[in-house]
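Take a look at the structures listed below.
You will see two complexes here that share subunit A, one where it goes with subunit B and one where it goes with subunit C.
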Partner chain A sequence: MSPIKRPSYLRIDALKELGNIGSAHAITGLSELLNKRIDVSITNVDIIPLQIIYTLFNGPESMVSVVYLEGYSEEFRGMMFLIFPNPEAQKMVELATGIEIPSLLPSDEMSLSTLKEIGNIMCGCYLNTMATFIGRKIMHSVPQLSMDMLGSVMDSILVDLSMESDYAIVLETAFSFTKDKCNGFLFFIPTSESIDTIFNAIGVE
Partner chain B sequence: MRCSSEAGPRIKIGMAQFRVGIAPMTMITMALGSCVGIVLYDEKAGLGGLAHVMHPNRDKVKNNLNRAKFVDTAIELMVAKILKEGARKERLWAKIFGGARMFQHVTGSQGVIQIGDANVAATREQLTKRGIPIVAESVGGTMGRTIMFDVSDGSVLMKDSLNNEEIF
Partner chain C sequence: MKPRVLVVDDAIFMRKMITDILVGHGMEVVGEADTGSSAVEKYAELKPDLVTMDIIMPEMNGIDAVKSIMAADSQAKVVMCSALGQQALVQDALAAGAKDFLIKPFNPSRVIEVVSKILGQVPIM
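Right after this comes the complex of A and B.
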């Protein structure tokens, strides 16, 4: 059972538009950093069971790098995370630093810091767009990184959300570098109170 | 993946689920992060249970219909079930896994929470309260864990995210 009410189609459309603009800014930020062309394959907004996130890539045991941060403002709180499967995360580090690394290790501070910065830029751009739309200043936390199995990382993030509901409104963006066969996911999950804040601010009934 | 014995069905236990079964059977729960995997076993009866719990306390949570999600209620349900199947309380022992810190700090609605530590503490408390000894454990740390519980001998094969394997 889900205590989250399904928003009207108009509201879903409004959120989709917000998500599109937000992710466009986020992708532009990354594209400028890397000086590479990036394609956005999906931007989607839906109420989904949180469990679905665990089925990305090759299921809960796939090794991923996740950058996580939280945006908050008055009556607004949303979590953002950027997920790369690990071979791609390594590629990202190489693209951003221009240095080839033999493998991505959790002990390599330079790689970790690079990934955090990528997360910082993308999520920062995304949240700034949100802030413009809702007319509020959105602060965000320091990005944190975890490199581990998808399921293990996500349960720490989602445990707080899942205490409210097993479903959430998720704004999802999938993107890829066509040439380098590199892809990643950006998620934005606003809390249910924040959804109301967004709609009130943009005036969608 | 290797397991100490391959006999019997392999059952996957998802998040916020638990299962009680009789040998031969292997129960698997994948990618425990801050969640805790609780194994209960009665060797003589060949009965075992595995729960994958997410949160320490059911009372503090609004979305609490699934009782297998919480340490306190999941242990209560699993103990009741395993005793009903024919296990004896004085023969039961437990092994616990998980409760890692995947991030330095994750902010929750009640401020900064270390949910992994809280889960482990609640698990110990609930098991101690019921007089069930913890005979082996691998908790805390910063790495995810996958566990495979062989009901025929009570052994648990644990694999971490660097593919190190260890038998408990």
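Right after this comes the complex of A and C.
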């Protein structure tokens, strides 16, 4: 496990701005899909132990829906996670389909498909911004969805992805619907090589 | 006669959304596919007037599927539908033979405008 060196203030600031623009595009995409106003409450960039993600929710045992995919290009690789606490995930499905559902069931193919597509659009919009910044075409994997306790979902995803460190530079965005009180969190976790690619592309020493 | 469309996307939610838009504007969705390879097979079987094609899908991506469809039928009319609206990808899709590119999320009038233009029809709004 190799510790990640903390980037300079200038680099953190550049990443933050990149995160802001990427998030704005992702939120715009979601807003257009749902035809709803969405407010961004937090955008943050930091090097954190991935377990800190748990503190944003009610601990590792809280039930969540997580859509995740891998963005990749030449010398660039990063994971994207879109996390909804389960009451919010159900609300998102209802907002997108216009149909009320009694509960969110892992066997309901339409609900799962809707959440994956929301992840697909938000992550796609975010990666489009990243592609513009680094001047490369970025593709991504087919979105996957896990519905379980947050700790269990994150552990299995991180093992699957063979993330080489327990720490990562995380670009975090929290967003909410003012009227519908629905919160979600979008995380982009680039590898350390990808961070160098980004800084070389945007000319930040 | 109603234009016959094949809708290709791995998300049922998005296939339903596109189908609702097309059917609501006087078109017929004759088939759906959820992978690129299934799209190629269904195109050969159904010979639709138009295909809406996602890019990121399991088995075969949408750009490779367009190449296969165009290799079999150079007159095929395919419009890409993807959230990955990067200029390089749009160029790849057009080079593969796609007629236009719709960036998700899209509004119904934009879908109908593009589809009608490709089919050489006056859009029914």
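The definition used in the following text is that the second predicted complex is superposed on the first by the 198 of 205 C-alpha atoms of A that agree within 3 Å, B and C clash if a C-alpha of one lies under 4 Å from a C-alpha of the other, contacts with A are read in each partner's own complex, and residues count from 1 in each chain.
Please note the rule applied: a residue touches a chain if its C-beta (ideal position, glycine included) is under 8 Å from a C-beta of that chain, and two chains touch if they have at least 3 such contacts.
In this text the structure is predicted, and so the values were computed from the model without any measurement.
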Review point. Quick one: subunit B and subunit C on subunit A, clash or fit?
Key: fit
Check your understanding: Which partner does A:G59 reach: the first (subunit B), the second (subunit C), both, or neither?
Key -> first
Exercise for review: Answer with first, second, both or neither: which of subunit B and subunit C does A:D46 touch in the superposed model?
Suggested key: neither
Practice item. Kindly classify A:E75 by the partners it touches after superposition: subunit B alone (first), subunit C alone (second), both, or neither? Key: neither
**Study point:** subunit B, subunit C and vertex subunit A (Cα centres) - angle in steps of 10°
**Key:** 120
Review point. First (subunit B), second (subunit C), both or neither: which does A:D155 touch?
Key: first
Exercise for review: Answer with first, second, both or neither: which of subunit B and subunit C does A:D108 touch in the superposed model?
Suggested key: neither
Check your understanding: Thinking of the overlay built on chain A, is A:S141 touched by subunit B (first), by subunit C (second), by both, or by neither?
Key -> both
Practice item. Have a look at where A:E117 lands relative to subunit B and subunit C in the superposition and call it first, second, both or neither. Key: second
Point to revise | Which of subunit B and subunit C A:E94 touches, first, second, both or neither | key: neither
Review point. For the overlay built on chain A, what is the smallest gap between any CA atom of subunit B and any CA atom of subunit C, in Å?
Key: 12
**Study point:** Residues of subunit A contacting subunit B in one complex and subunit C in the other
**Key:** 141
Review point. Considering the complex alone, what residue numbers of subunit B touch subunit A?
Key: 14-15, 30-35, 54-55, 61-63, 65-66, 69, 100-109, 113, 115-116, 143-146, 161
Check your understanding: Once bound in the complex, which stretches of subunit C touch subunit A?
Key -> 10-14, 16, 56-58, 61, 82-86, 88-89, 92, 104-105, 107
Revision key, fill the gap. So, in the complex, the side of subunit A touching subunit B is made of residues 1, 3, 51, 54, 59-61, 63, 68, 70, 141, 144-146, 148-157, 159-160, 162-166
**Study point:** Residue ranges of subunit A touching subunit C (in the complex, touch as defined)
**Key:** 29-30, 32-33, 96-97, 109-110, 113-114, 116-117, 120-121, 123-125, 127-128, 131-132, 136-143
